[in-house]
């Protein structure tokens, strides 16, 4: 078993890491790190557990440590830290020789850090050697994208052959994406908030790196643009997005559907990898977050309503579980690929 | 006082008509028409009143009649009928000499029927004479657009000078838009439904007529295209939409904002007309349906987040009360314009 | 495998039956019966599937039959029929020799029909012989109680030794209890409805039969009273109730908690029986429907906040999954007990 | 005009005070006090305004001061402070000669402080002289009860003549009762929280003082007991409660209804006093928070489902707007009574 630590273990994404790693066949939770305030206390006491499965017995009595490398006993650390803390702490861990699989945004756009979706751009892992050499680190950092970006990019990947020129996307995002205290109920009951700080910028920049080409030295960004409008809606889990894709080839809806159906990321049988990365639905009113977010144990992205729009664009809806496929599950799948490819 | 009847008076939009007309300075409710099943009974008994103001005393004891012209005593009838019923019934009323102010979709796209937003295209009322002559009717039909279309078109009108080429719009629509029994709670609690039957087609076609030019004989459609994606969200009242507008002139966000601020429909002081047709907000996270839907007693459309997007497009969010500005209030404002201009 | 039919298979509870029986180790779905309108069509076409797991492949192509005994091929039928239909149809099936495990209320209070919670009153199954003899039927009917009654009675059972005198209960019930179309979203978003037709009567009468004594001939009602107030709240699944129990013995909160912890229904290892029938929680703010409804795969009842109230009463909160523990799962557990005890 | 200050002016209840006082015929807002952090800045900048009416123009540019008497220019201060801060600060203000009309719980149960509902116990204002004398203050403190207590006690008052012996109450409370950040959306969407810290104790003790007798020197508590169970539900505004009242006289439902209908607090025409303090509804499913909370501009308490329960008790449902009738509106009505009776 690979020893796994979790940084930021008490928050909403941290709890998802604990939940998903508790029975993992390859990883064993050996360290739970959080703020100084929690350090020294048992995880079961400091983590106000809010998932609808029980707190795993195996972690209840683990003494929480602070987020310093010397306190953490692990081969790999999963980072659920807030961006501002992750910036320095994740570097400290990589420098100290840890593999860091991060959900934080701090290093995603660093030139030498892989921004990874295993189904999309596994070849970007070539950046690891460049990173280690350049930074003179024993360990390294690998990141997963923003939650909404993941869902969208998984649907764009099979369309790259059509020559994507532009993407319009409007999101309807779940409250869990903002963390447990992130969205007050008075803000969102019977309401839509048409703004999520920083989200649109991430959705407009990360896809270009993710779908860019790694030439052995660097990633050259993909050549299209994304225009995003992000909204918060009264949904617990599951980000829904409405997408318009305009491509050089002007494919028909049928061709796009087939491309998605044929999409096979060839990940083999990684523990967290769903049977189907993309699920294409034919019903007129799906996917829906409440009905579809748990597909593939939360790791599948569901697509529906593929249709031809104005001006030759293709329109569709996609949806995925934001704290599983879009956060903790994404980092864990990244780690599984690292293991499979010998980086861990 | 002008005698007013309401067709479909017991449903969700019908109740809004009753609420808004009960204290109207120009109109007096003289007839409430509904299905045969309700005919003969008192309105207070058959209308299961569901608005958060009390059922007006003045209508409680009115005996409901059926939707036949000979049973209705009125100068004008407001139609809240379902589209399939409205098709024939509204024609019967117009033929019988009534002015019909309709919220139904049945006749909106008829060449000789005005599709009217008083702030946008009052000159289209010229179609009335053409309609009466062609159909040999004493009365006539005037319609208001689909609820989402109204909000959007009111924001497009001041941008017409920039040479609009295309519009992308993603809506997040309130459940009241589907009528009282329209959306089961099991369908929408903790959920988004990415489909509303017929809505996208309406949003893609009605704006072209609304913003088209009346040359004295017919309306020539405006020359741009709209691509719509419509979604239902767990919100009671208030449709929110995210809009991208691409124009020949490539205006800056500031220019667009100024055009909206300067927008003055010159309606004078009609009873239902709000002080500001468009309210432009500067906060980063507005408009929001819960906070802004009652602006201008539900008749103002709120706009926010005006910004420059990719490829020279302008992005913004708009929101309005769907059963007031988008339905009953729209029909009533249409009737007020008819009165003011001497058609009634 | 025992052949199982489902009556009312397309509705909300019917779908739960399908979901729970699809992989059942003892039962095999052989007949799906619904209204004439659906008869002859494939289940996958007529059942608008609304659960968050996929429609089981094994039932997708089963041709739906009507609810007549001669059309149903089964040893046992599970009834998810509405009460008014169940009254006659269930009798038809029992007369025709079927075992009927019913979730409908029609026959619950019949003197010779067991109203069964396996953990509470398995000895009431003695009524079966009396029923068959009296009615001259080859088959028989066994019923499970109203959803809210089940949760409450499971917590009352271990307190019977204290000499219960009276129970006050206020419920906060999920919308799924009313069926898919039962509660319009406009009725319940941002709202509480302080009334559920017939529910209070069921909660005030069924517990007395359930906790009554079977003397070999009849059930003598338990001697206490229940006073219920039932409310609908915007929750998808999981009925929460606040309970006051006054008993002759005036037990302490600690004694009540211990009685609940020691409660062991000795059901053995029936497939649907949860490890713990009652889960007693110590947190100040649990149980909560969203967090606890899936405990024991939806079959456990969770209890919390056990405390001493005014006048020597004990107060607590209990919660359980209304469409699993309170409906389909209850009927299936009843059937498992019937099998185990040789009635099937 | 009487000069009015608001302590804790930026919070949820503070904003309600601002909203309700902005156009008040007797009071003029002259000071807005909040934490040191906000002091010196304009109210429009520091108060993140979250009500669905616009921030009143008249207060936008008022410079916020800190909560020290020497900084506040007012004849009366309305306190929306949190309990822990109110304890000392309100005393500072009363000592400095201000009339303090407080919504905080800190001094409610002080022997010499009136806990006031003008419709219920105006004679308790006699405590003011005792308070001033005993504490040697120029000013004084008057408090309003806990929000849920207010609704309930207003319905109990007309029943006092029946000889109330005991009250069971289960509440379903809106999220606004906890303040803007009080209830995270992840805690309450699709959920019920069966616990509100301190609430049950307030509901069990405050009514006894409110309905107690003032003999010229002190208030002697009323002689019955209340047993409360408090729950949070996903409702924005409006606390609903289900109540059982047991009385010596065992009145019929009809007698109770008549007592409530006849209830006339004789407040005269105070600006904030609603036409009807109690609204008794006959529909089987009312009151409901979404439909009834704004009755009497949020100051009426609605009652329904009055019925005879087990053991001679009377059951009913009551509901009122928690931040208007239950908080800011309550304090303002108290102040109006103070003015009318010459204390101000």
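For clarity, chains are labelled A, B, C and D in written order, and residue numbers in each chain start from 1.
Criterion: a contact is a pair of C-beta atoms (placed from the backbone, for glycine too) under 8 Å apart; a residue touches a chain by one contact, two chains touch by 3 or more.
Please read all numbers here as calculations on a predicted model, not as lab measurements.
Novice: Need the most distant chain from chain B, centre defined as the mean of C-alpha atoms.
Specialist: C
Novice: In terms of C-beta pairs in contact, which of A-D and A-B ranks higher?
Specialist: Result of the comparison of A-D and A-B: A-B.
Novice: Just how far, in Å, is the C-alpha centre of chain B from the one of chain A?
Specialist: Comparing mean C-alpha positions, chain B is 42 Å from chain A.
Novice: As a quick test, compute the distance in whole Å between the mean CA positions of chain A and chain D.
Specialist: 47
Novice: Of all the residues in chain D, which ones touch at least 2 other chains?
Specialist: 50, 189-190, 234-236, 290-291
Novice: Could you please specify the touching residues of chain C with respect to chain A in the complex?
Specialist: Residue list for chain C touching chain A: 50-54, 189-190, 236, 290-295.
Novice: Given the complex with chain B, which residues does chain A contribute to the contact?
Specialist: Listed in rising order, the residues are 166, 168, 170, 172, 189-195, 197, 204, 225-227, 229, 231, 233-236, 240, 242, 244, 284-291, 304-305, 309-311, 313, 315, 317, 319.
Novice: Can you list the residues on chain B that touch chain C in the complex?
Specialist: 12, 50, 175-176, 180-190, 234-236
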